[in-house]
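We call the chains A, B, C and D, going by the order they appear; numbering starts again at 1 in every chain.
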Amino acid sequence: MDHDLAALTARLAAFADERDWGQFHTPKNLVMALAGEVGELTAEFQWLTADESAAVMADEGHANRVRAEIGDVMIYLTRLAAVLDIDLVDAANAKLDTAGRRYPVDRVRGSAEKATEGQPAES
Amino acid sequence: MDHDLAALTARLAAFADERDWGQFHTPKNLVMALAGEVGELTAEFQWLTADESAAVMADEGHANRVRAEIGDVMIYLTRLAAVLDIDLVDAANAKLDTAGRRYPVDRVRGSAEKATEGQPAES
Amino acid sequence: MDHDLAALTARLAAFADERDWGQFHTPKNLVMALAGEVGELTAEFQWLTADESAAVMADEGHANRVRAEIGDVMIYLTRLAAVLDIDLVDAANAKLDTAGRRYPVDRVRGSAEKATEGQPAES
Amino acid sequence: MDHDLAALTARLAAFADERDWGQFHTPKNLVMALAGEVGELTAEFQWLTADESAAVMADEGHANRVRAEIGDVMIYLTRLAAVLDIDLVDAANAKLDTAGRRYPVDRVRGSAEKATEGQPAES
């Protein structure tokens, strides 16, 4: 398993450059492409029960579609972050620092109500 | 710059475990959380022109909001991939292998029509 | 109950005109605004079980948020359709005509596999 | 032009009943289906400039795809609202009442900064 995010970022830049696609890769367009791919990923799960969704990788055809959609999402997220000069892992860790303060373990343990980031907890 | 995706994955698992949130982290729920965060990211760019979107990081307030939303998207994408046992970078590279064959450099150079993955080129 | 879609369309046009917002209401921008609002709606349901989602309107606070998000989605969908000169109800009915032929009652009855429009049925 | 939203709602209920698809039409699942369709609609606009997006209906092939995607979005939005017992037009009008107070004409005229509902205006 090789998590070479920097190499992926470089490969995506080369891929776009070779095809002269940089002109289309504005942040606005890339955000839309990301949203489109997340829509396709969502469609793979829309009719599944919670249990079926947990077992989705046991079906080879479905697993391949999910893996492909997640690959597409990762491609556009990585490309968007590169164009904006944002480090994906740093951005996630910074958000987790905030979330750790916002949802202290002893207050939210096992509570779905409080598990929603970005939405005020009710009461 | 440290792209430690494996450490982020482990931190997210610990974050959920400590709060007993694993019960909410079905693939179906995580896909929805990802879609919700991508919606918030999209909203940051909805009224911007292409040029304004390219300059979005020059405005400190807007830059902070974009960085925070991208952090949220990365959090849920990483967590989803972990729950499904999918390697994000491998999945992206596999999709790029396919895309490289599908969009050969000499055929699609500079063409927006062909720049849409996942949608048949209009002949 | 008054389903006056034409009056809503007119009200939205006046709302934008009075504020000189027509300049921002390109189809591209309105699609993004629609996607952003659908993201907020999705977030309202992300941690709910199927049963909890079916009972969501029984909680006054949650019901109000869902109603408000659906209102926002309807606003941008109606405005987008108006700008593109598409009749929403006609477009839905045309799609249903196709879906009726594609999913004949006797072949798909009770089957989740076949319930996914826009994705090839698996075998 | 016939805006018969009530008839569309009834047709969608019959369509689901005949196929015994009511079991899949939880609000949670329908929200995901809506998000998936909005993703496909977004993909139709992702590489277009603002001007190209304004002219999208002049290309017959693209116009047909946009009309079909908007039809799909309307189908799932209408079905979701029916399942939740929410009147789409009433919900939109209620949101517009609020928006009218929030964005008074003389304060926001021609300003993109203030055109973003659901996000605090930046002073």
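One rule holds for everything that comes next: a residue touches a chain if its C-beta (ideal position, glycine included) is under 8 Å from a C-beta of that chain, and two chains touch if they have at least 3 such contacts.
Just so we're clear, the structure is a prediction, and the values are computed from it rather than from any experiment.
*Asks:* More contacting C-beta pairs: A-D or A-B?
*Replies:* Output for the comparison: A-B.
*Asks:* Between A-C, B-C or A-B, which repeats the contact pattern of C-D in over half of its pairs?
*Replies:* Comparing each option in A-C, B-C or A-B with C-D, the repeat is A-B.
*Asks:* Measuring centre to centre with CA averages, how many angstrom lie between chain A and chain D?
*Replies:* 24
*Asks:* Using mean CA coordinates as chain centres, what's the chain A-chain B distance in Å?
*Replies:* Distance between chain centres, rounded to whole Å: 4 Å.
*Asks:* Any chance you could list the residues of chain D touching two or more other chains?
*Replies:* 24, 28-29, 31-32, 35-40, 42-43, 45-50, 112, 115, 118 - these are the residues of chain D that touch more than one other chain.
*Asks:* Name, in rising order, each residue of chain A that touches chain D in their complex.
*Replies:* 24, 29, 32-33, 35-40, 42-43, 45-47
*Asks:* Quick check: in the complex, which residue numbers of chain A touch chain B?
*Replies:* 1-6, 8, 11-12, 15, 18-21, 23-24, 26-29, 31-32, 34-42, 44-45, 48-50, 53-54, 56-57, 66-68, 70-75, 77-78, 80-81, 84-96, 99-100, 103, 105, 108-110, 112, 115, 117-118
*Asks:* Inside the complex, what are the residues of chain C that reach chain A?
*Replies:* 28, 31-32, 35, 43, 46-50, 61, 112, 115-116, 118-119, 122
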